[in-house]
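As structure tokens, here come the structures.
There are two complexes below, and they share chain A, which is joined by chain B in the first and by chain C in the second.
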Partner chain A sequence: MSDEMKERIKAIAASVAFLGLFLLAWNVFVTAQNGPAADMDPELAALLGPQAKGQSALPTPGEVGAEIWSHVTNPFYDAGPNDKGIGIQLAYSIARVLTGFGLAALIAIPLGFLIGMSRLAERALNPYIQLLKPVSPLAWMPLALYTIKDSEISSIFVIFICSIWPMLLNTIFGVASVRRDYLNVARTLEVTPLRTAFRVILPAAAPTILTGMRISIGIAWLVIVAAEMLVGGTGIGYFVWNEWNNLSITGVISAIFFIGLVGMVLDLILGQAARLVAYAE
Partner chain B sequence: MDARKKILKIEGLERRFPAPDGKGETQVFGDLWFDVKEGEFVCLIGHSGCGKTTLLNIMAGLDKASGGHVLADGFNVEKPALDRAVIFQGHALMPWMTALGNIDFAVASRWPGWSRDERRAQCQKFIDLVHLTGSEDKKPAQLSGGMKQRVGIARALAIEPKILLMDEPFSALDALTRGSLQDELLGIVAARNQTSFMITHDIDEAILLADRIVLMTNGPEARVCEIVENTLPKGRNRSDMHTHPNYYPMRNHLIEFLVNRSKSFKQELAARSYDPKSPPTVRPGAPSDRPNKVAS
Partner chain C sequence: MGALSNLYDPDEILWTGCPCGLHATIYEHKAAVEGVDARGRFYAAETTTGGARTGAAPGPMDALSDLEPPARASRDLDWKDQENVLANLATSAVMKGLFGTDMNRRNFLRAVGGTTAAAAIASILPIDKAIANIVEATGPLEKTALNVGFVPITCATPIIMAAPMGFYEKYGLDVSVIKTAGWAVSRDKSLSGEYDAAHMLTPMPLAITSGAGSAATPWTMPAVENINGQAITLAMKHLDKQDPSKWKGFTFGVPFEYSMHNFLLRYYVAEAGLDPDQDIQIRVVPPPEMVANLSAGNLDGYLSPDPFNQRAVYDGVGFIYKLTKEIWPGHPCCAFAASQKFIDETPNTFLALFKSILEATAFSSDPANRADISEAISPKNYLNQPTTVVQQVLTGRFADGLGNVRNEPDRIDFDPFPYHSFAVWILTQMKRWGYLEGDVAYSDLAEQVYLATDATAVMKDMGMSPPTSTYASYEIMGKTFDPMAPEAYVDSFAIKR
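And now, the complex of A and B:
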């Protein structure tokens, strides 16, 4: 067995051990809180729910595991507006993120290209980009709801506005820092501007652009949960909010698990795309 | 007198840059006059910083002169053109393209109407010429420094330029690799009767390759000090060049220039007449090979 393989197996073993320890600690913590039931006014007990019976507010890992499993085995059921399978809710969120992100890419990349090729445009527009970039995307929500008057489009708009900045800035930077040598080669070969853009500048800047896209999709996935909590109706953010209103901490924790999982997959996809356009100098 | 056509003429060329302190301008070089004849190999030597790269960029059309002009085949050089190929100081290969891809990019630019097969045949011809057969599909990162510069040479030659411009193409290579690339370039250029202009600061490289050597003094305000005709006969090669009686006179003359005269050219000028439009031509040779100096 090679050293590389040994290292990997060690890392996997450590991961599994870490997970085991974490689940054990969680379980011990929750069961320790489940003391004997205290004497209590039945009305108050009904209000407090499980805590009144001396039970912990937190579910055990087993309960969460069962919940996750039930979602995995039946992800797409639809029993009315407040009771849809997690697969459906995730699909709504992913669709919004991809739409907002896709529109942002469609605008940010060509626009960044044009700005990056002109020092004047870069300098003229940089102050506005720097001003708008740090604004929390949710701050746009009231404005979007007021002007668009459609919660669905508003949440897509919020995704759009939060994804656009990293892609725009990285495209500008990537295009502006293409090595002079490459451009000079194209010039001595009398290559047309359009061909230079596609054969020289785009491949040279692609790794930087992809990094921007990767940052954008990460932010978009963070923001969609908050946006859907605000707007409601459908989506994984609304699902979390609904579970909380139902006091189902088990539901909230299993949703956190799925949110993390989807975010990881989105990042992996863009990571793979980045590998396709990477080059060694 | 050489009756060949002057394919490249540098006439009163000057380049100024804004001074570092922001006030006024400094002249990097000025009043440069020399030419390159058809089929000739001209080297230019000068110290680092005297403006060699700037000069070559102007000759290529990548930079603009502040005064004077460059004539290529009788036409004023205003922008780059495919009949003047450039081999850059760094190899300047596109790292995302293979060796073949880099050459094909040039060939497709030169002959946009060619079919894939025609382009492929042209690329292969030049890949074989620089002995890169078998490395067509490697990316620059997988090639050694010498191989990268070979791709650069193939890319420049594959467009069949009238003039080959080279900016210290071998300066980043180790001595052994540099030697074998010099030999190859010499063979290729001679076989194709390729008009070439090369910047270098390697004296032996200049003696091996050049028919004439332009000496450029130190900047700022660099000038052409003189033009040295290579007194070693054509058909030179690295292995026995140094046994020729004219080798040491040539070499000593060039060393003397680089070590002393390039710095003190202004004092030297004060002591004698100098016409920038026709800098003196010098033929360093063994005592039997006199006369030493002839008017140009």
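And now, the complex of A and C:
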């Protein structure tokens, strides 16, 4: 067995041990809070919840595990407009994120390309981009709802507006910092400007652009949950809100698990894409 | 109403109105026969003080429950069996034309027997055609797929339960009831046309129409949903402060600015000598977050819709200090609201929706149905609450968090009639607390937004008994409200803006 393999196995073992410790601590913490069952009139006891009878408000890891399992085994049920399986809710959210993100990419990358190729444009537009970039995407929500008058398009707009800035800035930066040598070589060979853009600048700037896209999709996935909690209807954000509405901590924790999982997968996909365009100088 | 009854059963009482034909209404009939108070519930509420709503006096909705006591096996048809229900309604109408009064019909059926009567009536009157006419008389629906928004609280019971229990379907509508996170979103989605109609708070259509808090858009409120049904909940640590004069410095939650909750809380603390804007802090908190805020100590209490008062008790974080019916017995709370545009553009659809809501409200009003309704609206698709919590709210047999089990059958009730005087009272409070400035055209606005006149006509048409006047005066914590003198009422308060 090579040293590399040994290192990997050690890392996996450590990961599992961390998880085990965490779950154990969680379980101990919750069960320690459970007081003795209060002596209560059975008629009254039937009207009260477990918490009023001394149980902890937090679920044990086992309860959360069972909840997650129930979602995994039945992800696509549809029991009416307000109760759909987690698979359907995630699909709604992913579709919204991809639409908003895709539109943003369609605009940000060409625009960033143009701005990046001109020092003047970069300097002229930079203040506006810097001003709009730090605005919390949810601050756009009331404005979007009021002007667009459609909650579906509004949430896509919010995704769009929050994912456009990292892509735009990274594209500008990537294009502007392509090495002069490459451009000079292209010029000596009398390559047309269009050909230079596609054959020289684009491959050179691609890793930076993809880093921007990776940041963007992460932000978009963060924002969709908040946006859907606000406007409701469908999506994983609505799912969290619905569980919260029932004060079901178990439901909220299992939803957090799924949100994290999807976020990780989205990031992995763009990470793989970034590898494809990476190059060594 | 006869929609579900066996019309050929001589022992069945079918029609509202007087069964013997000698009296104008069933109340007068009852008054004559049983000697009970013939006046409706609001007439009782007007004149009595405190919590007294004379128990024996029948209200406009009680007639239905009198006629269809669920204990008797009169449910020959299922609510969801739309065609047969319509057929039965049509037959009922034909028989009413033939016999005039229920007494005549029952005597006739007793004499000849149900089957013979059915054949005889069918031979002289083509009931099939009559049925077709009734279906057509409602006019073709401009559209059948509707979105109706609701906030997941028990006030919305009729709007919600009409979906699982088939009341929308019965009127040919395919309604999706869409859960909404809060009233601001509900208002915005209604304004944008995503919702055809929505569950709102009774002050909201007035606020939207007069442009308070949003762009002014003509809005209407065809029906009230529930009366009573709210409560003041205090955190467990305030067990020793069950007196509003000790509440200085408290932070209270209300679900929305333009809500009965806000106005009732302000009224209640002001009567105790506290200025609601200076001595306490009132914060708008979405109902689901109230319980968590109460247990975290961010709120000292709240006046909120159920099930969140009961939920605080269920989770052991608060106790029910006062039901709002103890502040103003019979106060309105939530409403069924639609834009003027929806009514103008799709009048037949609106009428069908209105009728299904009225019928669902009547059904919800009957205490005998409350347990079934709790079952129907508790799942995730609707309220998403433990059934015991919802059931305690709807049946009025509940744990108050102080170790008692209380029995208050009228903790929440459902009565659709949108009294203009309700609107006037709300406007006086909006004026009192500075939500409205300048001159307020109290009754003009009330009559434009609250469709009491239309409700009267539709309710009569459906065989219900609406009250005769759209204005009533109320007594709230010992102070009389006269809807004809709103400005003087506002001026009479010591604490105001």
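Methods note: the second predicted complex is superposed on the first by the 271 of 281 C-alpha atoms of A that agree within 3 Å, B and C clash if a C-alpha of one lies under 4 Å from a C-alpha of the other, contacts with A are read in each partner's own complex, and residues count from 1 in each chain.
Quick note on the criterion: contacts are C-beta pairs under 8 Å (C-beta built on N, C-alpha and C of every residue); 3 or more make two chains touch, one makes a residue touch a chain.
Everything numeric in this text was worked out from a predicted model, so none of it was measured.
With the two structures aligned on chain A, chain B fits next to chain C without clashing. Centres of mass aside, this uses C-alpha centres: at chain A, the angle toward chain B and chain C in the superposed model is 150 degrees, to the nearest 10. By the document's definition of touching, of the two partners only chain B reaches A:Ala280; chain C does not.
Of the two partner chains placed by superposition, only chain C is touched by A:Asn242; chain B is not. By the touch criterion stated above, A:Leu261 is placed in contact with neither chain B nor chain C. Between chain B and chain C, the partner in contact with more residues of chain A is C. Per the superposed model, the minimal spacing between any CA atom of chain B and any CA atom of chain C is 51 Å. Shared contact residues of chain A, touching chain B in one structure and chain C in the other, are absent. Residues 181-182, 184-185, 187-191, 195, 199-200, 203-204, 206, 277, 279-281 of chain A are the ones touching chain B in the complex. Residues 41, 43-44, 46-49, 51-53, 57, 79-83, 145-146, 149-151, 229-233, 241-242, 244-247 of chain A touch chain C in their complex.
Every residue of chain B that touches chain A in the complex is listed here, in rising order: 60-62, 79-82, 84-86, 88, 90, 92, 94-96, 105-106, 109-110, 139, 141, 159.
By the touch criterion stated above, chain C contacts chain A in their complex at residues 152, 163, 176-181, 185, 188-189, 191-194, 288-289, 291-292, 295, 311, 313-317, 379-382, 384-386, 388-389, 392, 398-399, 403, 405.
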